[in-house]
Amino acid sequence: MSDILLEVKNLNIEFHDHDAPEHIVRNINMTLKYGEILGIVGESGSGKSMTAMAIAGLLRRHDVTTSGEIIFDKKELLSAKRSELRKIQGNDIGVIFQEPMTSLNPTKRIGWQVEESLKIHKPEISKAERYELVIESLKNVELDNPELIYKKYPHELSGGMRQRVMIAAAMICAPKLLIADEPTTALDVTIQLQIVKLLQRLNREQKTSILFISHDLSLVKSICGRILVMHDGEVVEEGAADEIFNNPRQEYTRELINAIPKLEKPKP
Amino acid sequence: MRYVFKKLATTLITLLCISFLVYLAFDIIPGDAALASLGTDATPERIKAVREELGLNRPFMERYVDWLINFVKGDFGISYKYNVPVSEMILSKLPINVVMAVTAFIIMAGVSVPVGIYSAKHKGKGVDRLIIVLNQVMMSVPHFFMGILITYIFGLIFKIFTPGGFVSYETDLGGFILYMIFPCIAIALPKIAMSVKLLRGSCIEEAGKDYVRTAYSKGNNTSKVLYRHVLRNAMLPVITLWGMTLADMIVGSIVIEQVFNIPGIGRILLTSISYRDYPVVEAIIVLIALVVIVTNFCVDIIYQIVDPRISAQKDILSK
Amino acid sequence: MQIRKKYSKKKHSANLIIGLVITSIMLFLIILGFFYTPYDPTKMDSSAKLAAPSLSHLMGCDNFGRDIFSRVLKGMGNTFIIAFATVVIGVVSGVIIGAVTGYFGGWLDEVVMRINDVVFAFPSILLALVFISLFGTGKYNVVLALGIAFVPSFARIVRGEFIKYREMDYVKSARLAGVPHMRIIFVHILPNTMTVLLSSIMIGFNNAVLAEAGMSYLGIGVQPPDASLGSMLSEAQGYLFSAPNYAVFTGLMIILLVLGFSLLADGLKN
Amino acid sequence: MDTENILEIDSLNVYYNKKQHVLKNISFSMKKGEILGLVGESGCGKTTLAKAILGMQRHYDGRISLDCLNPQMVFQDPYSSLNPSKKIGWILEEPMRMKKGKSRLSHTQRQEKVEEMLEKVGFDAKIKEHYPSELSGGQRQRIAIAAALLCDTDFLIADEPVSALDVTIQSQIIRLLLKLHKEMGLSILFISHDLRVVYQMCDRVMIMRGGVILEQGYVDDIYKNPQSSYTKLLLEAANIIDF
């Protein structure tokens, strides 16, 4: 049991602002081991992002009701106090989002945004040390001239660079879990490849577990060991990536795989 | 820095344009200085003589350039009506209006920011709703009526000050301040309502953006997210509003002067308009335009400091 | 997110309803004032000087013994017509300038917008003052002066909308389908700007009401014997102690007129 | 110009502001009834090239000859490609309203043509009464295609028509385009960043980067035997090499 970092049991999420409560996510169960990359795949509206946000503690509590358990590193997060949760956010769990354009504060310098988690969780670190750590972290995500980038604003960087900055900021406290919510969707294909390789390297070198959420089944297959397929708020299928690909048990999974454009001419 | 110079250049050009247009407008209307100073005993010969004496038959551009140079030197010409230098008439009164506008501005900024933040923070709760309703009503009150109400409530009922009993700052500074605070509040109140509304809306809008989610994901608590992330971005539209507001406040002070019987430039402007005393009107309008445009320049610069995207954005827009 | 949207919608529809109620009452009173007033608004009655509100004089009488309610009705009518005409001038020229510059862009846009900026930077009352001092006081000069002063703000809004829409793919498609520019401007784009335009028209109307009242208060707007809420207030101020009802009722009518439209504008924005 | 070709471009250069050189020395030709793929990443000049072909670019030199009177375009973002304030029927009729003189159609004729076209793209005639906001992304894209085809064109530029859609919807649109291509003999310049989609759609493909065409040729040749390192990278990114 001790090798399990994250365990989600019977997670339900529903909106309670409609007259009839609307389930977004129903009865999700999943486990994530230390050092593992787990993929969640689904189309828009499948509830995959909601699940990820619930794990990251980023659902506004008065917008939605949740039930079930999210056990992260032996602590229950769903019922935890906000202050307890905040101690984990940014320190043990890092998050990167789909839109690197809007996920960075447009009026703050890159360095400030990368070191923010450090200031919150490790206030004992001196300013000079912090600077060193930020530069280190920027180097670690393969950004050239980190000293220059430290002083720049988000709008001066390209999309791929911004996503690297986001990763650097999420990784600066060396979290145990990195949640990547469609991290490459907004990027060009060649940049996608670089980001995916970067995530793989970080996983390998720093033993950070990654929860990788995407709509792109072939992308998830290339990075994740295990895959969770979601549809309409439920887990349809779960298993090793290769197995799901070669031997899908569910109709929906088969549909998804078939929808990936093949290198053959379609028959109309 | 290039941005600053570019802005400075356009500001100067705008100023030149306005001064030119104002001078042109007052030049082409019928009835000039010669007519005005002669009044009823004007004969064609005498008009001609006075015109020559005043240099009115020189080419237009020459007169404009002369006028402009003198204006920059602080010589605004001679009043037709009172035959005294315009600068003497205006310059002693202008500080009163500037003080009023600036005080009102400070009151507005000081009150609206905390109230707007409070309202946004407690969105949907009772106090927030009360603030929204108060805002709506306050925005609908013309500031001179606000002045009348204040006169009635604080002057006539509570007798905190004597309505119409303006005290000059030269005779009694304390009395001056006590008297002036009320007109300033009257000018500020509707603007407070506007900027509270804008700041509240903009805080709420910013709070829904992606970077706020990022900030939460780093373990920030709500107030840190608000003060370190949201506020600066939310202030951007408010700064734009404030820039326009200062100009409104100067004009507002001209109207409010009449309510509180304050001897500022408003009264001179009004009498000059009714006597067609053009050099005075011209000078006051150009001076106000100067203040307005310089304010706009400052706002642009402040905006650029707060929002690093702005110089880049301008380039995109010009494409 | 979701809950916020729902909440604000509820809030705004309340705004819309209250705004509609206030505006319809005010419009009813204005139209009523064109055809019927309880008393002749210019008839003086020395026995009723500064009379307190009563059943026969709903809002009391002014210093000449004229019925305040009747004068308020007439005054609102004047204010409304002036504000309406001002907005018409501002909107028609603003829409044309904004649509053409926004849609075509280029050097014309640059030049017109520079001029616009200059005029925009100028407070509208001040511009009206210049105008009045050049051409004299009076209703029509006020309309013209304020109308011109309002052009830039409408032009700006319309231009912004047109710049947004001209980049939309459906406009490019329409060009490719051979739709002429003028049809694109007026049939394909203009209807889409209506919601934004409508709420700014209402805000503009309010500004016009406030500006007119301010100018009449200063004595350079509507001239006596025509009634105007602004000039009535300036008169009422002299009798603030003995007849506060004069100022309060007159001011209240301005507030209600403006409040109704600003609530409507707020409600429409959603 | 070769009569076989619908489009010929010879050493085309396009500039922004007379300073930025966006397209550099582009030359290619396209046969009638062909689907030509154009692959590249954002900012490489794909859309600029499309605009140049449609005559929407001001500063350019070189030769563009297009043997089609009214070329049409289908855009990436289905949410901005239909007028939000007009009903579907109105939108589809609009191009026909522009016709003058003899070719002018009556209201009923226009309605007939609209309904015919709606059927072709797989809709019921009832959709005419709907507003774009009531349709999904895939449905809008089909309407946009119908609107383009109602201009009686035989040349279509499809600028990333499927990249904003879910995968299952993507394949629907691709099948629709292929069907229309076959039925109507449409020539399509298919712009995409997705090498897999391009493979399904196109006979020939051009790879573009930084305003330059790196290589062009038959899809199979280029995918099996890429010449430039950039093409190899693209193929790797699309998981095609180890597929």
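The first chain written gets the first letter, and so on, giving A, B, C and D; residue counts start at 1 in each chain.
As a working rule, a contact is a pair of C-beta atoms (placed from the backbone, for glycine too) under 8 Å apart; a residue touches a chain by one contact, two chains touch by 3 or more.
Quick caveat, the model's predicted, so the values are computed rather than measured.
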Checklist outcome for this item: Shared touching partners of chain A and chain C are B, D
Checklist entry - In terms of CA centroid distance, which chain is the most far removed from chain B? => result D
Next on the checklist: Just the number, please: Cα centre separation of chain A and chain B in whole Å.
Outcome noted: 51
Item to check | CA centroid of chain A to CA centroid of chain D, Å | outcome: 35
Checklist outcome for this item: So, in whole Å, the Cα centroid of chain B is separated from that of chain C by 21
Checklist outcome for this item: Chain centres from averaged Cα atoms put chain C and chain D apart, in whole Å, by 48
Checklist entry - Multi-chain contacts in chain C: which residues touch at least two other chains? => result 1, 4
Checklist outcome for this item: Note: in the complex, chain D contacts chain A through residues 41-42, 166-168, 170-171, 174-175, 178-179, 182, 193-197, 199-200, 223, 230, 233-234, 236-240, 243
Next on the checklist: Applying the document's contact rule, which stretches of chain A touch chain D when the two form their complex?
Outcome noted: 43-44, 188-193, 215-219, 222, 255-256, 259-266, 268
Item to check | Interface residues, chain D side, partner chain C - complex | outcome: 54, 56, 70-73, 75-77, 80-86, 91, 94-95, 98, 144, 147-148, 151
Checklist entry - Where on chain C is chain B touching in the complex? => result 1, 4, 7, 114, 117-118, 121-123, 125-126, 129-130, 132-135, 206, 210, 213-214, 217-220, 233-234, 236-237, 240-241, 244, 247-248, 251, 254-256, 258-259, 262-263, 266
Checklist entry - Which of the residues in chain C come into contact with chain D in the complex? => result 168-170, 172-180, 188, 191-192, 194
